[in-house]
């Protein structure tokens, strides 16, 4: 299913690299980019009025990650100011696929954006108690501009 | 209240430093020593037959940390093999105070132990839903060899 | 030594609680409050024009934490918007002591501030290669409004 | 290039889930599986006599992750005892591809192994100072049983 939001609807969120994010290699530890992607997804959902804590209390469900693919092009470092992006790529009845990138806040002198890291994250809706897959609440799909269709 | 376990009853648990634990200073990030202390406390409780997940399911309660005091003497580094220790220092009706240290697995050539980091951690028992303080289950205090008495 | 900055000079920095910060108890994991305190200290130094990465490259030194004392009054939860504060309490030739708090961004209906967590963090200046204690660069102490004096 | 080690040469390493690994969903936070994979890779290299800290000091190089693909089948929970595995899938002049899984320590009653999480991690050798790609030291490739050939 193709979301009805246009491809240019890419959500952006700023973040800063702190000591906690780095490792002894002098760069950001590779698992931590997934933290940044999660912050980006949460803020994207929040910007649409979708609060995960509230949804869990009212629907008993939550998103869990089912698949990630990440390419690491250049490392981030201490004190870097970055932008994490999130854009809906696919929506099904039980899962969403989100394209995400991480890039420096400041553009390069050439004006070209520089992608540090990019990935595709698939999240599935589950019952929070049983963790069994369930249909994404209609409110979420409607907010995302999706008319739910069967999963491929 | 003085626990009836003798002072030499210090629980030890081995651990290894990985990339995830270090920061761009080339040493272990200061917050991560608290992770190691937590592992030590959990394994100490487990060694006594106290399972936190099980206790929560059966009693509805859990421990939360209420106070920490930590001195960092020397930093740990990537690949280090360490020993985390835990010893009960005080037990009350609603909280326990645990003394913890972190030291290299191998003794120094001089034979003297070298403490990298030491701390005192106070944990309180709470109702997991309301997070309100509650009495520590009798089973735990008895296992720890304590006859519960009023908090000081 | 008493810093010449007035006691009301408390630096504040906003932060948000994400999934990465929480644990299975449904609240923020106790070690992660130290991450928030570190972000607060780093932003406080940055607000004074002190960049840690830059200092390390130019002086070969860095701050490491030597002692922490933290009281956890109430837990933070997913989605919480918080304020971390930092205020210089003491400055010596080789170390600084910083008082820090964490509180909700929004004041309570009563108007009273609610402290979730508060701590005192002592950081010492070291040579980044040898990790041996060294004098804090004059530039830092002057920026902090301190006339360096012997350590107590 | 096909490594000369047989496909059944799968390295296994035990680990335990602690509070630090979980999130408010009651399960392990998705980024933390990459920490477990890293521990598995490091212990696999160590079992072959390859110490990363030592290599960095002697060669000036280190591995950095360039690509990850992870499928999350079932979540791990607090107190779980797991096995992380690592097996070399491909080796080139400048990078290695490693297949990794995470499964419960205890087999199911049916005797069937249950994979919680599986992934493919590509790591590239870089100069630690410049982070520019470089040839993997011959010692590593020989230890892995690989005759270096041009990258595909």
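Couple of notes before you dig in:
Read from first to last, the chains carry the letters A, B, C and D; within each, the first residue is number 1.
The rule we apply is simple: a residue touches a chain if its C-beta (ideal position, glycine included) is under 8 Å from a C-beta of that chain, and two chains touch if they have at least 3 such contacts.
None of these values were measured; they are calculated from a predicted model.
Against reference pair A-C, the listed pairs B-D, B-C or A-B yield one interface repeat, B-D (criterion: more than half of contact pairs the same by residue number).
In terms of C-beta pairs in contact, the better-connected of the chain pairs B-D and A-D is A-D. Chain A and chain D have centres, each the mean of its CA atoms, that are 24 Å apart. Chain C and chain D have centres, each the mean of its CA atoms, that are 35 Å apart. With centres set at the average Cα position, the gap from chain B to chain D is 30 Å. Shown for chain A are the residues in touch with two or more other chains, namely 19-20, 25-27, 31, 35, 38, 77-78.
Those residues of chain D whose C-beta lies close enough to touch chain A in the complex are 25-27, 30-32, 34-35, 38, 62, 64-72, 74-75, 128, 131.
Interface residues of chain D facing chain B in the complex, by the touch rule stated above, are 16, 18-20, 35, 38-39, 42, 51-53, 77-79. Listing the residues of chain C that touch chain D in their complex gives 19-20, 22-27, 29, 31, 77-78.
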